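Some structures are shown below for you to check.
Each of the next two complexes has subunit A plus one other chain: subunit B in the first, subunit C in the second.
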Partner chain A sequence: MKYVDEFRDPEQARKWLEKISALAKQVQAGKDRPLHIMEVCGGHTHTIFRYGIKQMLPPEIELVHGPGCPVCVLPMGRVDDCLALAEHPEVILTTFGDAMRVPGSLKSLLQAKAEGADVRMVYSPTDALSIARKHPDKEVVFFALGFETTMPSTALTVLQAEEEGIKNFSLFCNHITIIPTIKAILDSPDLQLDGFLGPGHVSMIIGQHPYLFIADEHKKPLVIAGFEPLDILQSIWMILNQLKEQRHEIENQYGRVVQVEGNHNALEAIEKVFELREFFEWRGLGSIERSGVRVREGYALYDAERKFSIPNLKIADPKSCQCGEVLRGTLKPKDCKVFGTTCTPETPLGALMVSTEGACAAYYSYGRMDSFESKRETTT
Partner chain B sequence: MEGWILLNPKEKQQPDGNVYRMNSRNAKSFVPPVTGKSQTISLAHGSGGKAMRDLIEDVIVKSFDNPALNMLDDQARFDLKELTSLGDRLAFTTDSYVVDPLFFPGGDIGTLAVNGTVNDLAVGGAEPLYLSCGFILEEGLTVETLRLITGSMKKEADKSHVSIVTGDTKVVHRGAADKLFINTSGIGVIPRGVNIAATRAEPGDMVLINGFIGDHGAAILEARGDLSLKSSIESDCQPLSKMVQAMLDVCPDIHCLRDATRGGIATVLNEFALCSNVCIRLDEKEIPLRDEVRGLCEILGLDPLYLANEGKLLAIVPRESVERVLEAMRLLPEGQYSAVIGEVVEVPEKRVLLKTSFGGERIVDMMVGDQLPRIC
Partner chain C sequence: MCLGIPGKIVEITNAENKLALVDVAGVKREVNIVCIVDDEHPPESCLGDWVLIHVGFAMTRINEEEAARTLELLHELGELQEEFQAMKNSEKENP
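And now, the complex of A and B:
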């Protein structure tokens, strides 16, 4: 397929890997651990595992899978709140597919659906609005999830509902914002990161400026990266290059999509409909200041949290789960106590095992190669 | 009367000495309208009374194109001698079909119900012979819909030379089923010397597929109309028994054979790896995949290795036979795009690995959950 295959060319990959290997050796020399590069975004995690990039990289580089999977960082209490909404007899709950399997404290949306709740999978919030048009006697609640990437489409759907005078549509808003979370990770005392792959799609909306503090205050390089495998390789090389030259800057590898200033129209729609919450709870990371948004007072009609009484539960993550340490990059998925034993994609305990963009699920489904490789060496 | 009994149109295999005349007229045009009766299915059609008998006679029996001579018997009967002349083992299988929507590009629930069961027999090396057919109809289904579906069942059955010899119809209240569900069971005979089993993959063997993967899953997804996407993807629903026979003719010692339906080729290959205690290594660039299906997967974040097929089989054959088998497959329309997509190696045991087209390597695991519900 044109415009895609160019970014997946194995010959190009080989060339980049040679450059990366040479550079990584220089940069890592004298360090007692491999270089840690965090991909913030779940989309990158997926690409890395999908194409087997992890195994192609030299041993001097270790990729750390960050918090950028919105489904994964959703706290259990919010899932329970969503379930309470879904089980309301007047509600049709609409959601993206990967949110269906996220475990609440007792069940998932998929189980609630099996028990009779009207839960429907949609591909975009406008699909949810269409359902609202078709069922004027029901309240259609959209389980709004995601970073700045999905925020504009949710905001525009609310504006569309207002324009059409549709009153039976609302959001259960769980949109989150990436910057405070990167900040929280950088502030954690056990931080061992050397650089970041910046989230391409989020950056398409917010632009380059919000990342400046990473370079200025924390002295770490960040390269905004695209989602094709060659994008990832080139971005890794760009980070290594900065490290070698002892620079720490915000660079943009994804120039074909990301503008320095971001997308003005999208930001305007977000600003119109949403406002920052003082705190938002992240699964595994705890409460992070100004890291989530809610619907503004002026659009209260479209806010399920105002329309319905929601239990607003706080539920602690299962004690055995080490999602937080994995999210901060201090623990590898396979080193978690419950990884692959009581926590598997089939019966996920922690949220990172739920979505294919979750570090643990990706590692489980695509990645568990390390043990094989050592085994292969011993048998051959 | 619990079952409706139809007769075996395969004249060469008539066991009881009766002469059954084949009716070659087009099934659909042959069926007269259900005159003076409701054009939709009602509970009365499942009551066991006259309405049910009329429905069976006017729609089902006539579609399946068998002279209904023996309507009062509750079972189909086979002559054992006839069966044993074809081989030394019976193959028996069953499957239920609940696809939504009932009609989709490239087929409908009827074509699935026949080919699905025929293929389950075929991949055991069996020659498929007889099918049963159980309908569960939702009150309110139009008779015309049922007629179209029985028409396509007949058409597909003819392609594989199988007969639908017994069946059952039940009608349930509106809402208790979704329009129409079908169960088919099938019987076939396995020739002597054929020994296909998921446990037989050996290091050195090669993995073959008979064409593009994921067409059925993609076609259903699009036919649901939830996506504002348009493309020309059609289901690959097709019978495979002829091709399997051709493969066995050139290589009677095929080790493993399975049709890759729900869960896609990833699931079947994992089953082979698990049952045979081997590793299967795939080469992504050799796996036939249509651009349209790949595009749809890119947009929706699906993995085509897990997308359903309804006319694709995976074969594991000894390395020395691979060229012969491939050639035999490619000679038939259902195998025109056959390809060697991987090989069997020793370690890591019970795993499927994929060499990505990018040059990396990853695990292809069993599917967890459902990429899509109700695809067949």
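And now, the complex of A and C:
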């Protein structure tokens, strides 16, 4: 347990780990496989890898990385659609830094920028709006993506544009929503999960109630967790405790940030500007019903999909990529054929290598866990 | 992009549009505070509050200790540096 020393409070960490070990043995007894706990959020994935939490846990527990990194689930066709938008001479295409590095079928937005396309990296959608203010002769398109954490900021920026009467700003909306995604995971036949670490900041927006079906219909525990290593350990213990007591409830370990009701103003803005799409295409997971949102008719002026004809390209991932299996939790990143050889964070082939919240990039950057795992696999 | 970053509100720059200046570990930037404003918390009362900021929007109030611990975590994850870089790049892209 050498990484425990890196914790802010190693004593506490040891205590939680002991409690987890004892409980895990009890709960797993009689099962022919380890307990599977999925962390839905990419932020949790990052903490888990950075602090080596996976290898501190007893063998009775296996963490499964969920699809909660919005950049990682972006299909290649979407990037190509963006490139097509950026080709319009009047368009300035804007987006977050991570999105710029996602490979399209021919190139990423970053490469297109290097070749002269007017693609700009912004920190916030409000920065995109301010570019629109300065360039009234141009159409500024914001490539919007992310779960409910970033959705309010995009919605509020549209409302701001409306208030100011700015007409040369629009969204290429690729926001996705967390609940249908978890539903799809629960319905997938090849994944047996025993509990969920619920996303911290998505929950800060949507609150606790939307998760109730997980407890009520699927009879699984979900604990909304903070991002510090101790938060994660405590949340894992809370899940185990529910399993031991045969409870399945939505609990909140991250009460210092997440309110039961979520954030009212943020939800109101989302509701005003966005509506659910029938289907949305995910990388590796295919099409998930009602998992994406689009701009409502009333805000058509701010919808790039209505202002431009977007090719809506469907492009299969390169054959060598196994992102889909990794995303579904059925393959470990290091077992992908191109992991660490042709696919690295510098030259990502798949989106899971792009963001530090992607499972492959996390595996790559914190490679120490690889050697540990293979040791464990060969000795047991 | 998903973790958010803590900052302290040091100036209300535009109460009507709910804009404020925050200080994030010494870096200043304007953010939108509409998500933390309500009848009980008018914009003017937010001065001095610690908030968690996601892509330019203050999403929730946190206490000072939580802010300090989150900053430390982000630093260890390398995310703090990335956020600052993103803010800087954004300024560059919009001269």
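We adopt the following convention: the second predicted complex is superposed on the first by the 360 of 380 C-alpha atoms of A that agree within 3 Å, B and C clash if a C-alpha of one lies under 4 Å from a C-alpha of the other, contacts with A are read in each partner's own complex, and residues count from 1 in each chain.
Everything below uses one rule, namely that a residue touches a chain if its C-beta (ideal position, glycine included) is under 8 Å from a C-beta of that chain, and two chains touch if they have at least 3 such contacts.
Quick caveat, the model's predicted, so the values are computed rather than measured.
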**OP:** Please work out whether A:Q160 is in contact with subunit B alone, subunit C alone, both, or neither, and reply first, second, both or neither.
**Re:** second
Original post:
Where does A:Y123 make contact in the superposed view: on subunit B (first), on subunit C (second), on both, or on neither?
Top reply: both
**OP:** For A:K337, decide between first (touching subunit B), second (touching subunit C), both and neither.
**Re:** neither
**OP:** State whether subunit B or subunit C is in contact with more residues of subunit A in the superposed arrangement.
**Re:** C
**OP:** Kindly classify A:R33 by the partners it touches after superposition: subunit B alone (first), subunit C alone (second), both, or neither?
**Re:** neither
Original post:
Given the touch rule stated above, what does A:A266 touch, subunit B (first), subunit C (second), both, or neither?
Top reply: second
Original post:
A:R14 contacts which: subunit B (first), subunit C (second), both, neither?
Top reply: first
**OP:** Considering only touches as defined above, state whether A:R247 meets subunit B (first), subunit C (second), both or neither.
**Re:** neither
Original post:
Of the two partner chains, subunit B (first) and subunit C (second), which one does A:G146 touch, if any: first, second, both, or neither?
Top reply: second
**OP:** Would you check which partner chain A:Q55 touches, where first means subunit B only, second means subunit C only, and both and neither mean what they say?
**Re:** first
Original post:
Between subunit B and subunit C, which residues of subunit A are contacted by each of them?
Top reply: 8, 46, 50, 122-123, 127, 356
Subject >> Partner subunit A, residues of subunit C touching it in the complex >> reply: 1-4, 17, 31-32, 34-38, 52, 54-57, 59-60, 62-63, 66, 69-70, 72-73, 76-79, 82-83, 85-87, 89-90, 93-94
**OP:** State the interface residues of subunit A toward subunit B in the complex, per the touch definition above.
**Re:** 1, 4, 8, 10, 13-14, 46, 49-56, 101, 110, 122-123, 127, 229, 344-346, 356, 364-369, 372, 375-376, 379
Original post:
Quick one: in the complex, what on subunit B touches subunit A?
Top reply: 226-227, 291, 294-295, 298, 300-301, 346-348, 351, 354, 356-363, 365, 368-369
Subject >> Residues on subunit A engaged by subunit C in the complex (per definition of touch) >> reply: 8, 41-43, 46-47, 50, 68-71, 94, 96-98, 120-127, 130-131, 134, 146-147, 149-150, 152-153, 156, 160, 201, 204-205, 227-228, 256-257, 259, 263-266, 269, 355-357
